[in-house]
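Consider the two complexes below, in which chain A is the common component and chain B and chain C are the respective partners.
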Partner chain A sequence: MIALLARGQKLASLGARALHAGVQRDPAFSQLSDKDLAFFEQLLGGTSGVVTDSDALEPYNRDWQKKYEGHSRVALRPRTTEQVAEVLRYCSSRRLAVVPQGGNTGLVGGSVPVFDEVVLSTGAMNKILHLDEVSGTLVAQAGCILQALDEAAAARGFMMPLDLGAKGSCQVGGNVSTNAGGLRLVRYGSLHGSVLGLEVALPEPMLPSGPAPTPASAPGGGRVLDLLRTLRKDNTGYDLKQLFIGAEGTLGIVTAVAVQLAPRPASVQLALLACPSFEAVTATLRSARRRLAEVLSAVEFLDADCSALATTHLEGVGNPLSGEGGGEGGAGRGQGDAGAGASGRGSPFYMLVETHGSNAQHDQEKMEAFLEAAMAEGCVADGTLASSEAQARAIWRLREGISEALVRRGAVYKYDVSLPTAVMYDLVTALRQRLEGAGYGAAAGVRVVGYGHIGDGNLHLNVSAPRYDDDLLGLIEPYVYEYVARHNGSISAEHGIGLMKANCLSYSKGPVAIELMRRIKGLVDPHGILNPYKVLPKP
Partner chain B sequence: MKVLVGIKRVIDYAVPVRVKADKSGVEALLPKLSMNPFCEIALEEAVRLKEKGIASEVVAVSLGPTHFQDTLRTALAMGADRALLVAPPAPPPPAPGSAAAASPPSDPAAAASSPDALPSPLGVARVLAAVAGREGAGLVLLGKQAIDGDCNQTGQMLAGLLGWPQATFASKLEGAKGGSSVRVTREVDGGLEVLSLSLPAVVTADLRLNTPRFVTLPAMMKAKKKPIEALTLAQLGLDPSRDMEPQLATLRVDEPPSRAAGRKVGSVADLVRALREEARVL
Partner chain C sequence: MIALLARGQKLASLGARALHAGVQRDPAFSQLSDKDLAFFEQLLGGTSGVVTDSDALEPYNRDWQKKYEGHSRVALRPRTTEQVAEVLRYCSSRRLAVVPQGGNTGLVGGSVPVFDEVVLSTGAMNKILHLDEVSGTLVAQAGCILQALDEAAAARGFMMPLDLGAKGSCQVGGNVSTNAGGLRLVRYGSLHGSVLGLEVALPEPMLPSGPAPTPASAPGGGRVLDLLRTLRKDNTGYDLKQLFIGAEGTLGIVTAVAVQLAPRPASVQLALLACPSFEAVTATLRSARRRLAEVLSAVEFLDADCSALATTHLEGVGNPLSGEGGGEGGAGRGQGDAGAGASGRGSPFYMLVETHGSNAQHDQEKMEAFLEAAMAEGCVADGTLASSEAQARAIWRLREGISEALVRRGAVYKYDVSLPTAVMYDLVTALRQRLEGAGYGAAAGVRVVGYGHIGDGNLHLNVSAPRYDDDLLGLIEPYVYEYVARHNGSISAEHGIGLMKANCLSYSKGPVAIELMRRIKGLVDPHGILNPYKVLPKP
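And now, the complex of A and B:
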């Protein structure tokens, strides 16, 4: 899905420099030498496991939004956990910095080198290890693509407990390391709950003190943390795996994941709704929670600008309620088509409401009752219920394509925040007014849009501009972070910190918390070789 | 002019299917049933004719078990004025020696997906002919084929039974209010063919005829009040043993052979040898 990079959009060097501002390469790290390359080639079996060609290195060095670019001279593609542990052992001894990289679909510059860090890609570790149908558990190597895992689960009547727009490219190890949220967190919970076990490669060996096996003889040299159990309940000591879920590759490299699958629903109902105001959106959310209750599986919202963007910049994507877009055979009602009841006018907000259940008749009745009530109460002005898989996919494409559409339009400043749901959209309006007042309004080609997981209190705030502009960035940051901090919200609901927000952690976490994080980092990675410059602020 | 539209409920075309273990048919990996995409296109066209004032009434008709009502509700929500559900004959016993005979399916949904449980196109055509007569239809719009049987026969047989002109694989349909003919553009192998048909006529819809609309909530609410009439074969003057006898028995369903992985050869000589001796194309 996010496989295509925006065409004709060179790396916005202005933007990149601003985003890297203040970050200097740590002189404590060594430079890569030919001897190092020879070691990697010998360990990983020649050139298939070691990428050094400058063209081939491009996708490893740059993120898909083309906002962050490093200049690593090598990308490694190990196939086994032992190889990962051995690479870490070597890099630690040589003081070579390492960037763990999965599908490279992150949105905060956390998965690409800042300077010349060695890229360690999990892409070649893509085997499914085990699927147990009785317990509904799946064990897979970290490099398995999320969509592939979902398809394997589907063949046995299960589904992965998370879903996101990047599913065609993102890898499960990266999902875990970033604690990815996605579209169905409101129903299936976060990875902190659905991950049953992990296998992690650590940068330094962890072995008990006293007479003990020497590091060389311990499995993985004491660097492999084996927490790979498929047990739903296991209260035996500290739950270490939780540390690595969301650590963004700064504490260890996830090499295998055990996850609790959910039964694949027999019935999926999806409605696209048009709401006349944000108050109507929140009222619809409350009504959906109450009336759809246990079958509610996703609640998303988007504003009119998002709908316009997605239908304008993406092929064949349409909004059946506004009549926008569609192209040949798309979701739109078609230009000039006399569709009965076509309003032709957009609505300020749209919502996607989805249910997952075991009984189609039961779920349809609940959905129809909810929709009738919402229309009667005036929270929903118009809507449509997908009557086939094809229509459901067309509706999801409208919501999932917003990110891609933004990248195609031009420069994007992307924010992902948690705020009290009732006032969530106020931030979008406030920022829009602020930028308009400073000359960065609609006339200047700037659009401030809001969409996201309203069921989780998670707003995706995006500023779309014709080009990256330091002055514009200065108007957005730290304004957005300060606004969120004032509301006791989170400056990163699900995208993570990466490089982008590494100096902003204090907007959402206090000094005691940050100090404890530093100490844990220092304990697990004393030489700081794993994903440096990211997550934790400069001391 | 009254337009009659035939509607079939099938496994949703986006749902992956696989061949059943007993090779008697296919099964869906998800129990999702939807309107046959070509029937949906035919219905959309009929509703547009009504919106243009060319058709006075759109009647949707299905031949199938009770659960077909869900799809007829969707048809009503899309704009059909009335819906008819004709109860099918009991499915015939599987032909001796066929895979289905060896292991009969235990639940109705599974039975529905075995090809021998579906009335064959000639039976369907006879039902539609009877309904067209009963309704006084001026135009019958059907999908060109159903995505489960892929027979592409019903429309043609219906036209033959009624003695009406037919235009199949329609990619464009033009008519005039109060007109006595319609102009149909057909997609044929060599390109496009334009026909003029005097009414009453049978037209089957192809993919590019239109893009079916999404059903809006107000339309869905209104559709609940529209009636779905239940009919029996007897009411249509049809006798299952005489008119609905299956024409075909499915003996076995197999997956196509999987494509063998390609391999690289070392030289042009090797390639020529492989093409001659293995692929046998030279």
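And now, the complex of A and C:
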């Protein structure tokens, strides 16, 4: 594959292969011409909006994991919705494939070109359009960084209803397009509930046929779907915005988003807990639901290997309960990441339990009652309550750093599944045994680790290895997908389908559902120019 | 219109006219034949599933307000999803129009035949399929009554995430199909967030064209869309279930629903408050949001006329703050419903503020702090806290009874709009003045009243009159819709579009959105047999 030739040194040294092996470039798509580039430069006001330099193109062509890489010759950076619509009109007429890209922080190859698709970056569309303090609603262009929006909301006493590890670089349009879940879904719900409105640019005009009552001069030539309202309730016809939440840019390009903000909590409590078994983890979850109830804002878990990975591979990250890493001394331990489970102070599982509330005294009383009960029941062997914002940040860094630590360690096969909570960790154990039995155990440098949003039934299963290895992959897939399907789970809880799982969709969706998706795609994007090869399986 | 001839006495005495005047029966639809009836009787196991007796048909042909009436010759009562799919297959092949009907508690004519459509009632599909205590998820057939589901959930410590006045007769399939909002959306969010899965029967098979990898023996012949999962998170392709939430049965018939239950609160506090002005109402709302925060579960308001209507027209309903009605003596007051605003103890506005929490002491402290502050600020002139479940039920009856009281008083024009909270009541005042100026004031027996879910920005605007009157209607519409559109509101916050507002959709949705809706309808239901004349405007 041509893509491989352009891959960076790091990727090649891990033995990576084209993860889109088997996908062929659709010959119906045109090749980019100089005339196309001239059109884009004229439309987007010169070269600032049109990136063609090969070094400058690299971050548009590759994901941060260095796992997916395309070879697009151009990345466009429009500033307005009308420009996005005009790019789509042009690309549709020219049959140029387009890959929409936000912060490019995804994990399934959804925002990276597979071949030579035109990259349409929303990065320059980063204006906050409106923040209403009375209703707590925010309207922003798609390219706004999640953390910037949260900071703007914080200044008025609000918070964004979603938070995730990539908040410093992910964009809200990408969050919506991938239906990002994150750390506080257990409290604030999914984007299907908190997104109030969207503006979407469509690849084809959506105007009545026949003698048109709509003038041809409709905004964006009928390609701008304006659903950008900030109403909490609006039952006027089909809730079209929902189609684009989680469509991963295959149906349209989200250009602006209206979100219901949550009030910023006056009181935040955070506990890090050590649990002696996975059964103890699930019992602690049930207890937290009952005793923390309306103030519960996050319930996360990680296994001992995850803790060891984060404290070993990230500077300044420590686990106060295991004694691993932390502070200036952490990085210098040099004891590897063999897992703390067997060590003196270590525990096989850790949990983060957080509350958001309006009354610190009430919240502390609830948290103390919860901790006392959990320890009395033997579900929690040890625990620590963050006593400052700095301590809380340090504890969150342990959890949020796992993904980055895995990438630093080497090759990583990532799975993001929903499973019934009680049996969730069984998959980690079963896969670990399966790989060990085939010679891919700890001695071979392979780690099978589990962490995630246990409050939502969402497991992040990761296999860390010294290098990418087709034989190893063959042991993991389709085993993981089959396991999940057998337990009525989801093969993608929050990461989406992207390129990685497009041909695995049938593990979670039946033929009628997939056919309906296909027809909706055909209705909105008949030439298939938007993010081809992604989400839907090959026909 | 033929429909009028069959109308009941009560309706005729109010001077009702065909509210679907201007809608013509689509000649593309077939007339029901004896052969069709024979097919249905064979399919549904004899006459118990096929209603043809004219008296027995009346409740299927007419809404509870007696405002919409069709003249269907048959109502079908299937018991299984496969039977629903088979009815749709047959009706599609015969070009028989079908109106899906749940509890028939809607307010916009969505669940009543307009002409002679076949009624497909989900009433016999009333089995709870699964209730998982660990994950708090419920799976039920579409015909289950909301209250029955809530009682089943209560037995395991949970509650349904929605509650509305019609809970004793509305069905969960209808709740989902109309995206019902109700009293506690402010806390538990909309059904777009709390519905985890759906099963939907489609009018046409959704199977891949060409050499089919799917056997023709697919369940329901490819007409059953099985999205009936109970996962909190599932990002595998387009979230198709969202299309059917609020589609009012025009895209498919919801046959089963999976819902995320909420924990049943250990502590419920309810306050009835009297506010001296609408500004005081909105200030009290802001204070409740800040001080009750995570325990706030409902914020409702009603004006003095609504209070007077409920206490006058409903037995045993009283307002402890105004001294109107209540107990055995209430019904005998005989002082009419002229509004308590001008009376000695009355107040122009009342609010219900409710909390759901896990700790009664904490919740009481929060509620007391909120009430003290609201009274100190002059926003609340008087108030009462329910000290028992019976008192709480009595207070809720005042609020929930308004709709029924309006119907008992006579003719009623109902509007259900979203507007910015601060200016919400201005519409009531403006319309009242407009009608008074045209001779439709109190002396003419006309009342313009407002109440609703102020916590969600949702106003129920009602015009009560002695009888239906085209001149009066001409003063109300399109005035109300134009007002709402001018303020970027919604012409239907929660009631839906149905027959009533199909030709008004453009007040809330632009041409691109309406065209996309139309094409999705054409994709799923190319012969347009499902709930015709509803939701989408005439082309």
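Note that the second predicted complex is superposed on the first by the 502 of 539 C-alpha atoms of A that agree within 3 Å, B and C clash if a C-alpha of one lies under 4 Å from a C-alpha of the other, contacts with A are read in each partner's own complex, and residues count from 1 in each chain.
Basically, contacts are C-beta pairs under 8 Å (C-beta built on N, C-alpha and C of every residue); 3 or more make two chains touch, one makes a residue touch a chain.
Since this is a predicted model, take the numbers as computed values, not measurements.
Undergrad: Counting residues of chain A in contact, which comes out ahead: chain B or chain C?
TA: C
Undergrad: For A:H362, using the defined touch cut-off, is the partner it touches chain B, chain C, both, or neither? Pick first, second, both or neither.
TA: Touch partner of A:H362: chain C, not chain B.
Undergrad: Looking at A:L406 after the superposition, I want to know if it touches chain B, chain C, both of them or none. Which is it: first, second, both, neither?
TA: After superposition on chain A, A:L406 lies in contact with neither partner.
Undergrad: Between chain B (first) and chain C (second), which does A:E389 come into contact with in this model arrangement: first, second, both, or neither?
TA: Only chain B is touched by A:E389; chain C is not.
Undergrad: In the superposed arrangement, which partner chain does A:M375 touch: chain B (first), chain C (second), both, or neither?
TA: first
Undergrad: In the overlaid three-chain picture, which partner chain does A:V254 touch, first (chain B) or second (chain C), both, or neither?
TA: Neither partner.
Undergrad: Overlap the chain B and chain C contact sets on chain A and report the shared residues.
TA: Common interface on chain A, chain B vs chain C: 266.
Undergrad: In the complex of these two chains, what residues of chain A are touching chain B?
TA: Going through chain A, the ones touching chain B are 154-155, 264, 266, 268, 271-272, 320-321, 326, 329-334, 337-341, 360, 364, 368, 371-372, 375, 380, 382-391, 393.
Undergrad: Could you list, by residue number, the parts of chain C that touch chain A in their complex?
TA: Touching chain A from chain C are residues 134-135, 178-179, 181, 185, 189-190, 192-194, 202, 206-208, 213-214, 218, 222-227, 229-240, 242-243, 245-247, 251, 263, 265-266, 286, 289-295, 356-359, 362, 365-366, 418, 420-422, 453, 456-458, 488-497, 501, 505, 508-520, 523-524, 535-536, 539.
Undergrad: Can you tell me which positions in chain B touch chain A when the two form their complex?
TA: Chain B reaches chain A through residues 12-16, 29-32, 34-35, 37, 40, 47-48, 51-52, 70, 74, 79, 210-211, 213-221.
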